[in-house]
Structure formats: C-alpha cells, structure tokens
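In the two complexes below, subunit A is the common chain; its partner is subunit B in one and subunit C in the other.
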Partner chain A sequence: MDPFLTILSGLPTTIALSVLALAIGALVGLPLMLARRARILLIRVPARTAIDILRAVPPIVWLFIIFFGLAETGVQLSPFVAAVVGLGAISAGYLAEVYRGGLMAVDKGQWEAGQALGLPTRDTYRYVLAPQAWRAALPAAATYAIGLIKDTAIAYTIGVNEVLFEANHEAQLGTASPLAILAFAGLLYAILSVAVGVASRRLDRRLQLVVAR
Partner chain B sequence: MEAAANVVVRLVDVTKRFGEHTVVDGVSAEVCKGEVLAIVGPSGAGKSTLLRCVNLLEQPDEGRITVGGHEVDASRPLARGELAALRRHAGMVFQAFNLFPHMTVLENISFAQTRVLDLSRDEADRRSGELLERVGLADKADVYPLRCSGGQQQRAAIARALALEPQVMLFDEPTSALDPELGLEVLTVMRQLANDGMTMIVVTHEMNFAKNVADEVAVMADAKLIERGSPREVLEQPTHPRTQAFLRAVLER
Partner chain C sequence: MTPAAIWTDWGEYLPTLLEGLLESLELCAASLAVGLPLALALALASAAPLRIVRWGALLLVEAGRALPAVILLQLAYYGLPSIELVLTNFVAGTAALGWITAAYGSEIFRGGIASVPEGQREAALALGVGRFDMYRSVIVPQGTRVALPALLGLAIQIFQATALAFTIGLPELMSAAYDLGNQTFRFLSVLTLAGLLYTAVVIPASFIVRRLELRMGRHLAAELR
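== the complex of A and B ==
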C-alpha cells in the first residue's frame, strides 16, 4: 500500500479523537463552569481545583496516567478510549474557562435587564446571556480546538493509530523519504487546523451580521 | 393626604452601604398612583442606587420596601420568588438602554411577555406591536437594536418595560447617554406616559422635565433625601442650602 495512503488512513482516527474530545469538553465544561461560578464554597472550590489540575498537568502525562496508570488498578481502557477520555477531560477544564470568559464579557446591564424584567434566572442565562457569551467565547474556543487537534498527536504515544502513528510507522519501515512522510503528516494537521480557523471566522462574521442587520 | 391604598411605592428607612461607604442613608419616601417623582441632585449623591433599591437590583442593608402592595423587609436575604414578585410590579429603564442585542426590537419586547406573563408568542407580538406604535417605533419592529439610534433604543426599552404592565416605571437617567435631540424624543414619550397616568420615579439631570412633568421633586445629596416638594417649591424656592448650591450650579452651566 502506498505509504501516503496509509498515513491518510489515520486521518479518520485523528478527526474522531478531536471531535469526541471536543464534544466531551464542550458538554462537561458547561456544568464545570457553572460549578466554578457557584456561590457555595463547597461547589466552587472543588470545581476550581479540578480546572486548575486538568490544565496544569501536561496532556501526555494525563494520557499515560489514564492508559498505563489506571491499568494497575484493573481499569484497562483501549488506547483510543483512553485518549478520548484524557483529551476530553482536559478540554472540559479549558472550555469551562473559555465559557466563563465569554459570560464575563457580556455587559452587566444584560443581567440587570433580565432581573428587572423579572425573568427567571434560568431564562436569563439561557436566552439572554448564553447567546451573547457564546459569541464572545467563540474565538477562544476555536483557538482551543485548533490546539486540541494538534494535541491528538500525543495519542500516538499510547498506541492510537492516528496520523502521526501511521507516519512514524511508515518512516521506520522506510517505504518513502522520512522527510516527505512526516511533512505530509504535518500537512494533514495543518489542513484540519486551518479549516477550523476558517470556519470559526465565518461563524463569527455571521453572528456579527445578525446583530448588526 | 392620599389614602394608603393609593401608595404604589413606599420606602421606609432604606439604607445601602458599599463597604464602609454609606450610599443611601435612611431614605423614606412614598409615591402615589399616577404621581411622577423626579429625583435630582449632584452625581454620586446616591440617586441611582436608591432607584435600584426600589426593584432590589441593589439589596439594601436596612429598610422596608413596598411596590404595588408587595412588601419586603430588605434587611434579610430575599428569596428569588420574593424578588420576582416585587420586580413584577416595577418596570425599569436604564441609562444604557440594555436592550438584548441578539433579538430584534419586537423580540426584545415580546420575550419577557412569553416568559413572565406566559403569553403566547402571537399574543405577545400583537401587544408589542401596539406598544411600538405608542412609542413611535412601529417601523423598527424587525430591526436589531444596534441598528437603531440611541433615542430609538431607549424608546424600545421603555416599551419593553411597559409590556409587563408595571404599576410603577423607574427611570435611571434615561437621557444621559443621548444627545439633546434624541433625548427629547425620549422625554416626549415619558411625558406622554405621565399624561396617561403612569406612576413614575425618574432620576434625572433634566431640570425642565422635572419642572414641567414631575408632580414632585426630591433632592438627594450626600446619600440623604434633603428636600422634597412641588417642582415650584423645590426648584424655585429651595430651602436647603445644599439644594440652593446645586441649582445654582445647574443654572450657571
């Protein structure tokens, strides 16, 4: 098989890893952010600690802990699942902060207007603050997503056969010039990253147009 | 004396501190149905904070607040339901309009009706249309707020507050962010509201509005309500030296 096709065969795994980790992060990040903003100390402090730890430990160490470390306790995840869990948890920590930044960027008067109208807090968050916070958080979320795509390459170290895994394998076999092979792998990551960047800018512009129309 | 049943807003010994600083110091006041009370005074006197205490956007440290027959003891923590019940009766108009930028003008006015009054979207939109007519913005229904002038935004904000049929409208320097011309269109709408019998508390630097539209003028300085009476009494024959100094400064500008 053509070595470049083999590398390309790792692309779906890289994409799946990115999408699943981002989806987990986006979902879990929301309650994590709410807990981080809670008035009750016993909720806020653990949430803040969790966010700090998730972000403080290098992704590669997390993946090693989850894949190799947990095995010791009898929890043996497949490489792919371990990578999704690890990168998803890290994403939750980052996205919780991205969401929080988005909320803080919304003018305080928006909350007050909701309060003054007697809107239930839930409705104020959901229909007034969230749409605006999302708009403010989008650039930071996209930047994080791009970083995440590149971080999926770390999954190679626990044996997930994604793009870098296949590229390294082909390079070691010497089926083609290692330089060409690794540059090709790099190109694939670049294409994914640029695609996310372009999509984010488009979405950003569309959201802006809606408000200014 | 007005009958007690006619009192829409009653403040008793309302005090608000920010840390060491007392911003509102033991203010008591009553506003009766259909009355327009203008609160004037130097910046930093606590006028806006007092107004924000009325609908509990600021929780006072002491005092009792009654709005539309709903009374709360402001010195203790208030439940969300209690807050909502009181705010239900008070409409608020902010200096910075605070319209929801991601909703059209019509949606801004309809939204709370569907959530707070439980009206259907169609019914809410119909009522919003009437309100927009009333504030002269019928042609702006489907426009987003940021595409409107400041005066139009403020009129939309007034319509949004009116949509919940409040018993009193609170205005927090509603024209301070507007140039004179746009301010005038807002003042015209407010004057119309007053003529229609709406009970209003207006924190303002617009002395002409206070003189010509308000039934009563209250002067606030250094966290206290120092003088209160008819516009003629307060603005033309002020008794308190602090009021005299303030009015001199306003007139000399």
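== the complex of A and C ==
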C-alpha cells in the first residue's frame, strides 16, 4: 500500500480520539467547574487542585501514568481507551476553566434579574446564564479543541494507531523519506485544525446573530 | 505498596529525576533564547512594507502554530537528515520548540505592539526619530511590557512541551522517568513523582504570572486613563 495512504488510514482514529476526549472533557468539565465555584471550601479546594494538576502535568506524562502506571495496579487499558481517558481528563480541567471564564463574562445583572423575577437558581443557570456563558466561552473552547487535536498525536507514544503512529511506522519501514512522511502527517493535523477553526468562527457568527435578534 | 515504601522509592528516584528536570529546564531556556528574539522579529516582519517579507513571516507563524509540537520535534530530529542535516537531539529540540515559541510569541508581541497608543508613534515621527529608533526605543519597549505576562505564560507551556523531547531521546525529565520505570517496573510510582516535579515548577510559575497580570493590568489601566 502507498505509504501516504497508510498514514491517511490513521485519520479516523485521530478524529475519534479528538471527538471522544473533547466529549468527555465537555461533560466532566461542567460539574468540575460548578465544584470549583462552590461556596463550600471542602468542595471548592479539591476541585481547584484537580484542575490545576490536570493542567500542570504534561499530557504525555498523564498518558504514561494511565497506560503503564495503572497496569501495575491491575487496570490494563487498551492504548486507545487510555488515550481517551487521559486526554478526556485533561480536557475536563481546561474546559472547566473555559466554562468558568464564560460564566464570569456574563453581566452580574443577568443573575440579579433572574433572581428578582423569582426564577429558581437552577432555571436562572439553565435559561439565563448558560446560553450567554456558552457564547462567551465558545472561542476559547474552540482554541482548546484545536490544541487537543494536536495533542492527540502524542497518543502514538503509547501505541494508539493514529496518524503519527502510522507515519512513524512508515518511516521505520523506509517506504518514503522521513521528512516527506512527517510533513504529510503534520499537514493532516493542520487541515483538521483549520477545519475546526473555520467551523467555530461560523458557529460564533450564528450565535451572535441569535443574540442580536 | 505502603506509603513508607513509596517514600523510600521516591528518595531513590529523586536525584535521577532532578537531573532530568535540569535538562528539561535547559531545553526550555535554550528554546526561549532562540524563539523569543525570533518572535519579535516575526511580529515586526508581519507589519513590513514588503509583501514577500510579510508572507514569509505569516507562513512561519502559521506553520509553527498549526503543526503538533511532537511532529515538529520529529521533523527536526528524524526528518532533517533526509536533506543531509543531522542535528543532535538537544539542537533538534531547541530548533522545534524555538520555532513554536517564535510562532506563538509573535502573535503575543503583535498584540503588545498594537496596544501602544498611536500618539506614541506620531510623537516619535514628529520629533524626527527614525523608523528604526522609533521601534527600538519607543514602540517595542512599551509593547513588550504589555506582552510580558502572556510571554511568561508561553514560557510555561514550552516548559511542559519539553516532555515531548522524550520522543527524540533527549534525557529530560520524562525520559529519565521512563528509563527508571523500565529498570524498576514501578511506572506508577516513578511517573507520579515526575508529574509532581512538573507540577512543582508549573503551578508556582503560573501563580506568579497571574499575579503579574493582575498587577500590570492595574498599573497599565491607570496609565492609559
């Protein structure tokens, strides 16, 4: 098979890894952000510590801890699952902060208005704050998503057969020059990043129109 | 494993890991030393009157931002020998991370330079200061001050990215931890300690950057009023 086609065959894994990690991050990031904003110290401090540590330790170290480290305790995950869990957890830490930033960007008057109208706190969050916070958080979330796509390349180090894994394999086989192979792999990530960037700007413009109306 | 056993283990691993950490910090420092001046040059070049200079700068910046760091590292170390350019892993690491620093840093510098009030430029021109001196003594110093917190944030990210130099066999902290794990078969313990060492650098550094950001925000806001 053509070496470049083989590299291309890693693309679905790269995309699946990005999408799943982002989905986990988007879901887990929400309660994490709420815990980070909790009034009770015993909830807030652990959440903050978790967020800080998730973001401070380099992703490659997390992947090795989850893949090689957990195996010693009897939890042997497949490379793909380990990568999804690791990148998902890191994403949760980053997205919790992105959500928090979005929420802080919403004017305080919105919260006060919700309360003044007698809306329950839950509904104030759900119908008043969340839609506006989401719009404010979108650009930062998109920037994070692009960074995440690039970070999925690290998963090759634990043996996930994504784009860079296939590229390294082809380079070792010597089917084409390593320079061309790696540049091609890089190009694939660049295309994915640009696609996400374009999509997010489009979504952002649409959301702006909705708010303007 | 009992806490006491972990403790003894860590005492044993620490000297080796600290040696790795030193290598990580050296790679980070070298990358910043190469990347930051280049970042400023790219920021200025992106506003150059000559179109070809502008486009060249844009290409370098966009490529440095779009490609994953791990691929740039491998391009420098495994890719360049294809064109008869063989670099040691430290030089390859510096080149790759320096490029990334330059690419992201140039956007930060650009923002800083753009924040310098137009009046400063006009004043310099009115006083008959040359274009070069205007940038050197008026625009760049003020722009750099605004850009400083973001540049320090970038420095922290570059430090974290040094862990990827593991993939080109540089004996930095991540490599040191992996080697120890292979020798002792205690990956969890070794890697956790390595993670804590990264945390011990990154969290205090981030704290300082945040404080600086707040302080400078106040200071600059007062000045611009």
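Convention: the second predicted complex is superposed on the first by the 212 of 213 C-alpha atoms of A that agree within 3 Å, B and C clash if a C-alpha of one lies under 4 Å from a C-alpha of the other, contacts with A are read in each partner's own complex, and residues count from 1 in each chain.
Heads up, the rule we're going with is that a contact is a pair of C-beta atoms (placed from the backbone, for glycine too) under 8 Å apart; a residue touches a chain by one contact, two chains touch by 3 or more.
These numbers come from a predicted model, not from an experiment.
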Query raised in the report: What is the contact status of A:Pro31 with respect to subunit B (first) and subunit C (second): first, second, both, or neither?
Result: neither
Query raised in the report: Taking the superposition as given, does A:Leu119 touch the first partner, subunit B, the second, subunit C, both, or neither?
Result: first
Query raised in the report: Which chain, subunit B or subunit C, is in touch with more residues of subunit A?
Result: C
Requested in this report: Scan A:Val57 for contacts with subunit B and subunit C and give back first, second, both or neither.
Outcome: second
Query raised in the report: Thinking of the overlay built on chain A, is A:Gln132 touched by subunit B (first), by subunit C (second), by both, or by neither?
Result: first
Query raised in the report: So, A:Gly174: does it touch subunit B (first), subunit C (second), both, or neither?
Result: neither
Report task. Answer with first, second, both or neither: which of subunit B and subunit C does A:Ala183 touch in the superposed model? Result -> second
Query raised in the report: Does the superposition put A:Gly109 against subunit B (first), subunit C (second), both, or neither?
Result: first
Query raised in the report: Should A:Pro46 be classified as contacting the first partner (subunit B), the second (subunit C), both, or neither?
Result: neither
**Report entry** Complex contact set, residues of subunit B against subunit A
**Finding:** 55, 57, 80, 83-84, 87-88, 90-92, 94, 96, 98-102, 111-112, 115-116, 143-144, 146-147, 160-161, 164
Query raised in the report: What residues on subunit A touch subunit B, complex-wise?
Result: 107, 109-110, 112-113, 115-121, 123, 127-128, 131-132, 135, 210-213
Query raised in the report: What part of subunit C is in contact with subunit A in the complex they form?
Result: 63, 66-72, 74-75, 78-83, 160-161, 163-164, 166-167, 174, 177-178, 181, 185-188, 191-192, 194-195, 198-199, 202-203, 206
Query raised in the report: If you look only at subunit A, which of its residues touch subunit C in the complex?
Result: 52-53, 55-58, 60-62, 64-65, 68-73, 150-151, 153-154, 156-157, 164, 168, 171, 177-180, 182-183, 185-186, 189-190, 193-194
